[in-house]
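Have a look at this one before I ask anything.
Note that the chains are named A, B and C in the order they appear, and that numbering of residues resets to 1 at the start of each chain.
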Amino acid sequence: MTEEKVNLEENDTTTQSGVFLPKIEELVVSSSPHVHDNQTVRKIMLTVLLALVPSCLCGIYFYGINALMVIIYCVVFSVAVEVLWCRIAGKKTDTWKDCSAILTGVLLAMNLSAGIPWWVCLIGAGIGIGIGKQIYGGLGYNPFNPALVARVALLVAFPKLMTTWVPSRFMTENPVYDKIITYAPSAEQLKGKVIPFLSNTCDSITCATPLGVVKELSKSGVHNVSAFDAVSNTPMYWDYFFGNMGGCLGETSVLALLAGGIFLIAMKIIKWHIPVTYIATVAIFSAAIHAANPAITPGPLFHVITGGLFLGAFFMATDMVTSPITKKGMIIFGIGCGIITSLIRIWGNYPEGVSFSILLMNAVVPLIDKFTVTVPFGYKAAEKKVGA
Amino acid sequence: MSNLHHDDHIYFAGGVHPEEGKYLSESKAIQEAPLLDSYTVILNQHIGAPPKLIVKKGDAVKKGQLLAEAGGFVSAPVHSPTSGTVRNIEDCPGPMGVPLLAVVIDSDGKDEWGSSLEPIADWENTSPDDLKKRISDAGLVGMGGAAFPTHVKLSPPPEKKIDHLIFNGAECEPYLTADHRLMLEYPESVVEGCAIIARVLGVKNIYIGIEANKPDAIKVLREKAASFGVNIIALRVRYPQGAEKQLIYAVTGRKVPAGGLPMDAGCVVQNIGTAVAVTEAVKEGKPLFERVTTVTGEPLANPGNWKFRIGTPVSKAIELAGGVKYSPAKVILGGPMMGFAQKNLQVPVMKNTSGILLLSKEQLVQYESYPCIRCGRCVDACPMNIIPGPLSTMIESGEFELAEKNNLMHCIECGSCAYVCPSFRPLVQHFRRGKAEINARKRKMKK
Amino acid sequence: METVLIAFILMTLSGILLGCIIGAAAKFFFVKSDPRIEDVNEMLPGANCGGCGKAGCSDLARAIVAGECVPGSCPVCSLAVVGRIAAYLGVDAGSSVKKAAVVFCGGSNSKARKSVNYNGINDCISASLIAGGPKDCRFGCMGLASCARVCPFNAIEVIDGLACVHSDICTGCGKCIESCPRKLIRLVPETAPFHVYCNSPEKGVEKKKNCDVACIACRKCLKAAGEDQMKIEGFLAQVNYDNMPGADVIEKAACPTSCISSPENHFPGTLKKENAAR
């Protein structure tokens, strides 16, 4: 016993037989259970961040150093706003350590174009953390996904900036995309070449997103299948799948997002219900419209792998705080998101509807939760008995 | 654990699998605890009416002698754990922090037998009513935790048809090994007790449900069980497999209706420890004055399983287990999932004390009042299929009616939700608080 | 330009139309109400504390005007305000002794034994469910500030693990009484010179183990006070608030455990806003 002494000395808790008894003053009383599986909010957030790493790397690979800068700006500003807000509000200032602000920052960055200036990141972080989260009382109380609140606010406030997209570094090499890339006179020489990783050509070379092209075609009244073919053909689909297109820096690579999403489902951080129903609903909806009249919109595959659907389905709609808590609720939520996204994409004014649809569905989550309260174990049997 | 063979095919939804910690004591044989100088026998050890005291200060008592008789139908008598004199009748610290009336007995060291119960050797030809009377006279209560008087469970109202008798050998609580050792060392008593209870109820379908992590106990019991017509079922290792409703579901596939009792599903559930106590009460005429309890935990020098007389103070039990190597952060009566943290080590062992568990500082769960992030882990873990996280928020903001509508009263306080909560919310405490408030309001309404 | 004009005209027209509808509705569906209710409501404190037993100040105003209650029913109003209401309505003011809440416990963290550490919900009722509460005494204040949180006037402050009522801020609304699982808070006349700050009915020996300032029922105070001015109930001395002893009893009794104290000495200092309930 002497070898294993840790903090015991001879004192009144020693019995006559020389064994040590617990010291009462070191005991803690609390409610059961007295053990825990050691999962923490911080670990959950870090796991989600880990799942976002492939998409971040893809973004940096395709859009160059600017993408990395946007991510860093967003994360730093988000954490700064969180700490500042908590300090001014007189709350504990260590809430950023749960990593939720970092996650919001990364998600916000993934929703921005790689060419966005730093001050837009700052405003976005301020809106996301401040108005999206802290104003409601912080993590756990926010009804809307903070990153999406920021994105939508920025989209409304700076429509031009937020819809100016940077092409992937490799798109300029491929003449197929010449029609949708615009070169400023100073950048003409890069045509047909890969944009260097470190170069800053965001202002001089811009492009349209596939969804943007389709929306322009629809708006201008060009309703024919061959016009859509310019952006929806098989070799292009492969580019979309890997992320070699214009768009937000985190949303383009379906492959990376899928890897991260499957990782999250495997780690039991999120459930499959929201992403699968969301993506399936978009696919079915667009397939139905496409089948009815191919001139209205391209096929389901186009809708599924372009735009921010995968980012939204796996990382934004599954945000724990702002999505339903039961599986039934999640399915309703996913279907709702899918329908609203498709409606906005096909008939709305905006080319992309993922952010709006998720925010709209966030608003009805309390209602969904109210109507999807689970039936307790053995409850049905009791009802039957009363009836019989 | 998944490679352990289990033969139940119906799983309850939810549940968790905490670290078992049983290795500390599962290989330690049951030891007889030495006689102490004094015992503090709490009178009200069961659910129901308090028993009526029949001894007074200064009385001489013998081992097994009646100290207090049952104070009603739902009540149980209490017997002396040894021979000696009644030193005093006074309040002693209870396991819930509320003092309880207890008889303090000074042992005379002779340990003389003085039970008025005659052994019934030929129980197979004794009438069920006589057997039931014996079970009631011996002061038997459910030894798994709830301490419900056994004879009450064996007296179902005539309109309830009981066709399944299930014995709970799951011992799903981590760390506890008392039932495991009982099954290993007293397999005859276990199955015989099952058969006696089955005779009382007139039931043919007898099952013992054992979690598959006790293959040795399953093997030993299978050898003994056949002659008594008892079926042994290896159950999936999942907490709370031993909870009444979940056990019935796993064994029979029946769901106990919400708010109902096992008898509403045609079942009676008894603990393994109760089965052994029944055998002893019938065949030896021995009232319930001792029980097997696990004393375990990392801080203990020598964890193990002991047969303690009822009334042994927790401090003596810890002393018997070699004392502590370093000061623990928690002393718990019961298991880590549902046990009660103690602030006084003079609390005595009671009829339902299945374990005394010490936890170190490293194992301590620090509950915080962080907000619920609605991650849904509690929903997955809840074996009763309710939604613990948002429910606790409702109670926190005082919306008790809303909480009741959201199935608060179905909670069995198993602790699975708080076990997985990443925000470290004291969910079970919230639910106890909510239930207490709702029950208080209901009582007020009745008045 | 044309569109702007159309929109402008449309909006103006619909505005005028809706305005007319509202005006008509206000005329047709007018409910006549006693204007005195509004006036009495103005005079009441407007804290909606519920101390009078009504649903709020306007409900009490209605009841006073209807004659169901006397103006003195409001425990919060000063006598002057009660008199004003009575004069306005021409009714009897009704008697009202100004009462204040008192927490009958002196067991602060430094005085009462707290052998174990409590970890859980920061709420007294919840804490009382865990091993009988954090402190060793089962009858004393747990210091988790449930009462301070329900007080609408921020009159309760928890100092050193003990809830104290600032009698100058306390209006005697009685909201805190329900929030205390130990039933420690009672409303007593504000003019009482001293209180026995203990609530434990246990024997003196037992109490002394748990707390330095427990009443040990030594009866010194009973002897010092006049006939029937103090009483002992179950090892606990109590002030008879219907026949209050004088302030000199504190000196004369020389309570051996300092359990008897005037409200000022029991709780020195003034209200620190940051310490008061959030």
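Here, a contact is a pair of C-beta atoms (placed from the backbone, for glycine too) under 8 Å apart; a residue touches a chain by one contact, two chains touch by 3 or more.
These numbers were taken from a predicted model, which means no experiment stands behind them.
Undergrad: Between the chains shown, work out who touches whom and classify the graph as line, ring, star, complete or other.
TA: Drawn as a graph, the chains make a fully connected set, so complete.
Undergrad: Report the chain whose mean Cα position is at the greatest distance from that of subunit C.
TA: Measuring from the centre of subunit C, the most distant chain centre belongs to A.
Undergrad: Using mean CA coordinates as chain centres, what's the gap between subunit A and subunit B in Å?
TA: 48
Undergrad: How many Å are there between the centre of subunit B and the centre of subunit C, using C-alpha atoms for each centre?
TA: Once rounded, the distance between the two centres reads 44 Å.
Undergrad: So which stretches of subunit A touch two or more other chains?
TA: Subunit A, residues with two or more chain partners: 24, 27-31.
Undergrad: Touching at least two other chains at once: which residues of subunit C meet that condition?
TA: 115-116, 119-120, 129-131
Undergrad: In subunit B, what residues contact two or more other chains?
TA: Where subunit B meets two or more other chains at a single residue, that happens at 97, 340-343, 367, 426, 429, 432.
Undergrad: Give every residue of subunit A touching subunit B within the complex, in rising order.
TA: Going by the criterion above, the answer is residues 1, 4-8, 13, 15, 17, 19-24, 26-37, 39-41, 43-44, 137-141, 269, 271, 320-321, 323, 325-326, 369, 373-382, 385.
Undergrad: Can you list the subunit C residues touching subunit B in their complex?
TA: 115-116, 119-123, 125-126, 129-133, 136, 138
Undergrad: Within the complex, which stretch of subunit C touches subunit A?
TA: 115-120, 129-131, 134
Undergrad: Using the touch rule from the top, collect the residues of subunit A that touch subunit C in their complex.
TA: 24-25, 27-31
Undergrad: For a test of understanding, state which residues of subunit B touch subunit C in their complex under the given definition.
TA: Residues in contact with subunit C: 96-99, 340-343, 366-367, 369, 396, 426, 429-430, 432-433, 436-437.
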